[in-house]
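First chain written, first letter: the chains are A, B, C and D, and each begins at residue 1.
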């Protein structure tokens, strides 16, 4: 194998990009557990102390689901990529920066679940991840810039619409969070609901 | 290499899934050490302070063994996988979520080794990992859904029975832990014992 | 595939080196978020508490950008490497040691943004990373020691000059930081400015 | 590519083992920085506070060098491996468990550099890593069990002797540490010295 050939170079390039993203996902998702505080109380109060950490477990599971689903989405996007360029790499880094940041608002939300500020910080972070992911896909698919040449328009459109769901739902939850933090958290259920509706509208775009 | 071809796509897909799982295993197993507190005492009391951390070292080693063995098991399962689908990916994420959570009950057990609550939290977590792993294998092997077509039924059955050992032992240790936390920890020795017995019953299923 | 052949051995060798570096980059970049302290105040003071963490967010974003750009640079250097030797591996480890250290001065800078000491510690660390990266490239490209044989001299020179920008800017910021810490931080803007100027002078060396 | 074929299966197996080890090395080496405490003092005392952390920086650099060199050694060993079996995997996990544990004695040594207990804990850990690495190589190379068939006996013997240096030096430093902790730390310089002497005795075994 001639590793100096340009196609070999490209393959290794794309592999490293994908690998780096996977590693960042894996680390960010695993660090979430560090944000759950180990209780420091008398032995007899341990059960009670764990009971009061309900929101920390909730925000751990929520962020695990969020990052896990982004990983699957990133996975799917890169399944169609056949080329990368410098700008795409930079958008990808921006996206990863948002992913890496997630454990922080997760920890804040775990500690202050009923605070508007905590919910807004969380919603803004996830919306930011979503905007970066949407940028990634719109940029790559625009005029088939970096994707497989025979990728159908309909599928491109499906993933474009899908990439708007998270920014839309999380941004619109911010005004709600100002007065009703818990309602804003309920509002996020729109994400899976809209995703399912969209997949019904584009039934042939499922798969992989 | 035509990276857009469906088989190339699949290969990369499966590689990413395996890679992501390996990274999560590696991180979770390495984070365990962060849960051992560095003593903060006068120099002359260091030896005594380390001596009192016996249970933290025990729970570190226990969880290292547990996660390490899951890694080998995951490794073995994926050695037979030739296809993945969306549902399998989701079960896999659930499994990884349980793995990622392990450092938390490990730290709690290290600090409160004689507490029923800590032992039950630990046992429930490991049982959860075990149930997810069992699901993963039963789903993949059912009707040879995702596994090598020529995998023998007897071997499938062996791994199915084996996947039940951990949930069985850890779930049955929970009622014991209610009154005797240390006895519950001893009870876990059934895991290697049953694994050895099972491998004697199915001697031809050993290997790799 | 005969994994014992020397070329296969080499391929695996280079892959492991690249992989190890990528993993270290990914972990160092993800650990940055752990240095942002989760506020521990009354719920009504959360917004204020987050507001006072502005510099922690700044130093997180700065170091993310710094490590991210080093990753891209490392990526580019290794795209030209066709051979490794023991000395190169050692320089690479030195470089990674500097990268791994970055979260520490980042955390110090986040907490003491207006302190000369914190700015100097940060500048010295980044300059150290830069010197190690420059060494890596100068050593590999000297007489085409480890790089693709047909790599043009002009491109080698371009990357050599480019590798000097970071050490130059960060080292010269140290005397400034002694009296004006904030001005030293502004001074760092020379890095992207000089990089853009240099890429204009060598327009044909862009790409990758 | 028929991923179900036994050779494909093997290749993937070995890759996962190597990958998992690399990830664990990368994480353990990167976590070292987390053990350096960010000072929490008045701004004007920052310089002084950092000055008192000299031993933390020393133990960070020492452990980085130690883990980095184990990584290179592991790298070299696996360059000769063509087969793995269950026992080898288990020794490898034992080795990784010792590697993963290194950040803990590193942090203890950083905080209690003049304590016999801290030095003994550190020396015992590194000796433990060394014993596991020696086991790994002796087991794999015994009768060419898992290594390339044409690997020369002389090279096997060289690596066997080399694998004894670390356990030897660190175990013999323990009695010294009982009365003179700093002298024990100096004693460790025997490791590079003996490695260089040995490589002079077996000049043809260098390379890779």
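Just so it is clear, a residue touches a chain if its C-beta (ideal position, glycine included) is under 8 Å from a C-beta of that chain, and two chains touch if they have at least 3 such contacts.
Bear in mind that the values here come from a model prediction, so they are computed numbers and not experimental data.
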- Query: When you check each chain against subunit B and subunit C, which touch both of them?
  - Reply: A, D
- Message: Counting residue numbers used by both copies over all numbers at the interface, does the subunit A-subunit B contact come out same (over half shared) or different (under half)?
- Response: different
- Message: Farthest chain from subunit A, going by mean C-alpha coordinates, please.
- Response: D
- Message: Fitting on CA atoms only, what is the rotation between the copies subunit B and subunit D? Please report it in degrees, nearest 5.
- Response: 90
- Can you check how far apart subunit A and subunit C are, centre to centre, with Cα atoms defining each centre and the answer in Å? 26
- So, in whole Å, the Cα centroid of subunit A is separated from that of subunit D by 36
- Task: Mark out which residues of subunit C touch at least two other chains, giving numbers and ranges.
- Result: 19, 23, 27, 31, 34
- Query: Can you name every pair of chains that touch?
  - Reply: A-B, A-C, B-D, C-D
- Message: Quick check on the complex: what are the subunit B residues that touch subunit D?
- Response: 7, 11, 14, 18-19, 22-23, 25-27, 29-34, 36, 38-40, 43, 46-47, 50, 60-61, 64, 68, 71-72, 75, 79-80, 82, 148-150, 208
- Message: Applying the document's contact rule, which stretches of subunit C touch subunit D when the two form their complex?
- Response: 1, 3-4, 9, 12-13, 16, 19-20, 23-24, 27-28, 31, 34-35, 86, 89, 93, 96-97, 100-101, 103-104, 107-108, 111-112, 114-115, 117-118, 121
